[in-house]
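Presented below are the structures under discussion, each in the form of structure tokens.
Both of the next two complexes hold subunit A, though its partner changes from subunit B to subunit C.
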Partner chain A sequence: MQFSRKNLGIPYFIFLLFFVVAPLIVLVFYAFTNGQGQFTLENLTGFFTDANTLGTLFYSLAVAFVTTAVCLLLAYPIAYILAMSEIKTKSVIVMVFVLPMWINFSLRITALKEVLTLLEGNLARYPFLNAVVGITYDFLPFMILPIFTTLSKLDGSLREAAMDLGADKVQTFLQVTLPLSVPGIVSGVSMVFLPAMTNYVVLDMLYNSTYIMGSLIGSYFSAYNWHGGSMIALILLAIICLFTLLTSDGEETGERGGALL
Partner chain B sequence: MAKIAKRVFLLIMLMFIYLPILILAVYSFTSATQIGAIRGFSMQNYITLFTTPELTDMIRGTLFLALGSATIATILGTLGAIGAFYSDRKMSTLISSLNQVPVVNADVVTGFSICILLVVVLHVSKETFIPLVAGHVTLCAPFVFLSVMPKIKQMDSSIYEAALDLGATPFTALTEIVIPQIVPGIISGFALAVTLSLDDYFIAMYTKPAMFDTISTYVVNATKGSQTTIKTALWALSTVIFAVVVLIVVGMNVRAMRQEGGSRAETK
Partner chain C sequence: MLKPSKNGTLSGGIRTALCALALAGACAGGAIGGALTAGPLQAEAADKEDKPIILRVCNWEEYIDLGDWDEEETIELDSGDIIGENSMVEDFEEWYEETYGRQVKVEYSTFGTNEDLYNMLTLGDEYDLVCPSEYMIMKLMREGQTVPLSDHFFDPSDENNYYIKGVSPYIKRVFDEHEIEGEPWSRYAAGYMWGVTGIVYNPEIVTREEASTWKILDNPKFNRQVTIKDNVRDSYFAAVGALKADLLTSEAFRNDPDYAGKLENEMNDTSPEMIAKVQDYLQEVKDNVYSFETDSGKADMITGKVVANYQWSGDGVYSLDQAAEDDFDLAFAVPEESTNIYFDGWVMLKNGIRDDADKQHAAEAFINFNSRPDNVVRNMYYIGYTSVISGGDDPTVFEYADYNYSAEEDEETEEYDLGYFFDEEGKEGEYVIEASPDMLERQLYAAYPPDDVMRRSSIMTCFDEEQTAAINQMWINVRCYNIRKVPWWGWIIAAIVAAATCYLAWIRIREARKKS
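Moving on, here comes the complex of A and B:
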């Protein structure tokens, strides 16, 4: 066989088929069968009729929304101040803000837990608050970085033009800078929202409770219930697909807005 | 006034980010078993960290796993990106979209689905490390693919054509012309892969052998346990990793600045 560059992709393609496609097919199969291998919708109806699983779904959506909002409200001003500042070393300063990304999350959460325990005593008393604080602490750098990147690539002359045409600072921000930074916000939000719904280990470490979507998989896993676990994974996948579709729409409009300007 | 407000805000955020790590670092040098208590200076945590076999094995295992799976992921991802770029449009789109699945998917789902396929359906024992390595390669390779792809797109294709015209075989042209041009993408892909593997909890949790622990799975179990000597030794580990990360980042910045200075001097 003659050597051809496109054949180099074959090993990776086979790898993807085996470790990405095949697991998902197995997941779908397990989600819609019972222990005897017969087709059933029980896992699906079971999820939507059980008050506990439904409650977990809504609770983790609430945690994810609040956490994403808090991260955005903290990260945007940080990214904005740094991107707009005149100092030459701002890329180094951003580095200081996102450096914790490279420290193992479990060690960072251990540190946070010690401090929160000192401040609050029993962490299980304020589960929602501590969930938001913990996940924010874990994922804040992932929100800062994309927003900073988008903001620092912005063409400064657009802002100047807006000012020259009589817009005040607030108008310039709301009508020029903010819309142009939407792509950064979108990629930051997608980095935080999904982990906030599924990353139950942060909560588990903080107060030994895991009342969040991802943990349902964990509990089925511990009980060797592959069928129930697969259904939860499938429902999570559906949410992820929906979310990805929504955010890629946002990205396109952001780009279109940029092109129009 | 506004300037001061900005600075204060940035400072508060830095404190939120760094205080817990720094407080833990200070207490790692004492014999205290919880923060807030005042005890004398002690190196005991560091001695425990580097002399307890359970801890050193766990650290070594995590590093081996990260370097091993990152190497496999880098080879697969790089070849995949080259192959996808030169394939016809349909194949190229197919590989790129499949590549996107593990990127957007939640780690819990990736780990769980690989566990089901390999362990439950195919009966591969977790003790063979195959599910664990497969899981980590699946986690990392797509990110290598994504960091190599832009470099291939930026590449000047005429050099490759020139090499062929001058009599190079396609294989030589690949190793001598294509690969050297995309090395920056391969290196950053590899670094990203190592970071992802080191930071992973969920995939390891669902696929690791029973007696093997990565830093993440070990720390998560230790925070729930009541063994205080292990708990405080982990404070020392956190401090060591923090110091290493700071050194690497400072080193990279210094190098980048020097290179920038150098290239500026050249253009002059």
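Moving on, here comes the complex of A and C:
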């Protein structure tokens, strides 16, 4: 057999087969069967009729939404200032924001726990706030980086043109810079929103004893209910797919918009 | 020698991998918490003509002496000095070859919770000897997964049968009296460590009386300052104790001729009404406690974040020791209502042993070696839990308790009788420790609880599938956010967000269509 470039894809194909396709098949199998291995839709209907599982979905979405909003509000100004500034050490400053990611995750959260205890007195009184602070702390770099990259790639002459044509600073930002940075925002949001729904380790470590989607799945598995757990995982996967579909569409229009201008 | 077929092991491995992946996939995007932890600790294999026996042991994490002690750690007892130089597993391999002339190679791995172990077994992992808690032993026995211990194991005339020679008469009675499917535990299981559940508390803030009841968990005085265990069984037991406190502490109930039996029935009450009550109670507890924790409780006690902490006695001893090193005094109390006495024990598994007599012999030898008094002391020192072995004729284990807990000579002392645990025929009354009064509320009280605590201790049985499912569901309900609790403004915000998302999506789709 002759070696062609296509063959280089084989390892990745095998990887996909074993680590993506096979687990997915197992997941779907468990999600639609009961303990006796018979086909059933009970797991699906069970999820949407139980006030507790629905409540968990609501709570997870709420945590993820608030976290993403806070991340965006924090990250955009930082990325904007960095991208627009003339300093030569820009990349070093960006590095400073990414630096926490090099420190072990559980160590960071443990440290955060002490800081929050100092600020709040008793950590356990503000479980929702803790979850938001913890996840924001954890995922902020994922929001800063894509926005920073998009903004620094932005052609400065576009802004100059807007100014020349009589727009003030605010108008330039709202009508030129912001729309052009949408792709960065979108990829930042999708990198924060989805993990925030499932990242229960942060909640555990910061003593929020309410389950979110990730911990709910875990609890089903440790209660030997693999079928219910698989179904919840599958539902989560469906939500993620839907979300990705929406955002990838947005990215395309964003790019086209840039090209048109 | 019968060997497990290669194919069997292989497909088991793949199955494990696939299912582990399914789990990983399930957490897509999010961080994956403590997955099944299994680190094989393989000893070096020597090339010999005689094939070594492979013994696959699976035990709790950090639940056996790994050796490598410092010189100063040597425990000096009247019966001789004890120090762990090598790991217990290596010492066993050496001892087995010296004693029986056969090589044995131990493949040692660990598990994090009983449920993890059970899931690992369901996925096809094969082990010869495992060490779960009593309810998991009962579950495995009921499912016919266990191999009975051989008659030889119970023969006290063999000098190497350290288990039967040394097991505490108290523990032996419990293992003989408790049956599952008509067979006593002792036929299948050999005990390893044991303890009771209780409350570790800070005596400067919490009185002993306040800590001696399960009601401390919802005591508003300690709002957000108490932790509870993050597992359904321990929480259930505590809730039942608190809910039935009036009955359990009444004189009439206590003086009932069948107190022990009735107590066990009450504490294992899984009627639907009881489960519903427990759910309500735990929901209250959830809003009152600091957290549901698995092992952060110890550290939080020492840093002063919490003032009381639901704890297993073995971990309690460890917390107290750690705190004492920082000059911080903690104490241990056992609730008046009832306490859960638990055991971890060795059982041999059918899918590992498979009628292999050599393997079974090695497995039983492993239990015996870990029951040899000096090894018992090593394990107890290393883990901090209390062994089921009292030592029989050998005084080492009692000497170790005395060494740990007896008072300095110039202190005031009180007598603390450990007869119920250590008593041998003809030696009654000899097992008394002269301890300082402080000790009686601290480590000694936790390591070897007194008679009255043992009287109000109850086994928590292995519930059947229906009960287990009901209790697990109750637990999930407690931990989940009920959608009925969403306030009206929550719905309004959700509606606005949903509408905005739909609007944005619609605009995008329209624009995309226009452009194409």
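In this section, the second predicted complex is superposed on the first by the 252 of 261 C-alpha atoms of A that agree within 3 Å, B and C clash if a C-alpha of one lies under 4 Å from a C-alpha of the other, contacts with A are read in each partner's own complex, and residues count from 1 in each chain.
Throughout what follows, contacts are C-beta pairs under 8 Å (C-beta built on N, C-alpha and C of every residue); 3 or more make two chains touch, one makes a residue touch a chain.
Predicted model, so just to flag it, every value in this text is computed and none were measured.
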{"item": "Subunit B versus subunit C as contact partner of A:Lys6, first or second or both or neither", "value": "first"}
{"item": "Partner chain in contact with A:Gly229 - subunit B first, subunit C second, else both or neither", "value": "both"}
{"item": "Touching partner for A:Tyr211 - first (subunit B), second (subunit C), both, neither", "value": "second"}
{"item": "Contacts of A:Thr198 with subunit B and subunit C, given as first, second, both or neither", "value": "both"}
{"item": "Which of subunit B and subunit C A:Asn52 touches, first, second, both or neither", "value": "second"}
{"item": "Which superposed partner A:Ser219 touches (first subunit B, second subunit C, both, neither)", "value": "second"}
{"item": "Which superposed partner A:Ala83 touches (first subunit B, second subunit C, both, neither)", "value": "neither"}
{"item": "Touched partner set for A:Val70, first subunit B, second subunit C, both or neither", "value": "neither"}
{"item": "Interface residues of subunit A shared between complexes with subunit B and subunit C", "value": "19-20, 22-24, 26-27, 30, 105, 117, 194-195, 197-201, 204-205, 214, 217-218, 221, 229-230, 233, 236-237, 240"}
{"item": "Subunit A partner contacts - residues on subunit B that touch it in the complex", "value": "6, 9-10, 13-14, 16-21, 23-24, 27, 34-36, 76-77, 79-84, 86-88, 91, 94-95, 98-99, 101-102, 104-110, 112-117, 120-121, 134, 137-138, 141, 145, 169-171, 174, 178, 195, 198-199, 201-202, 205-206, 215-216, 219-220, 223-224, 234-235, 237-238, 241-242, 245-246, 248-249, 253"}
{"item": "Partner subunit B, residues of subunit A touching it in the complex", "value": "3-13, 15-17, 19-24, 26-27, 30, 74, 77-78, 81-82, 92, 95-97, 99-115, 117-118, 137, 140, 190, 194-195, 197-201, 204-205, 208, 214, 217-218, 221, 226, 229-230, 233, 236-237, 240, 244"}
{"item": "Residue ranges of subunit A touching subunit C (in the complex, touch as defined)", "value": "18-20, 22-24, 26-27, 30, 51-56, 58-59, 61-62, 65, 105, 117, 122-125, 194-195, 197-202, 204-205, 207, 209-211, 214-225, 229-230, 232-233, 236-237, 240, 246, 249-250, 252-253, 256"}
{"item": "Subunit A-facing residues of subunit C, complex", "value": "18-19, 21-31, 33, 113, 115-116, 118-119, 122, 224-225, 230, 232, 286, 289-293, 296, 305, 468-469, 472, 475-477, 479-486, 490, 494, 497, 501, 504-505, 508-509, 511-512, 515"}
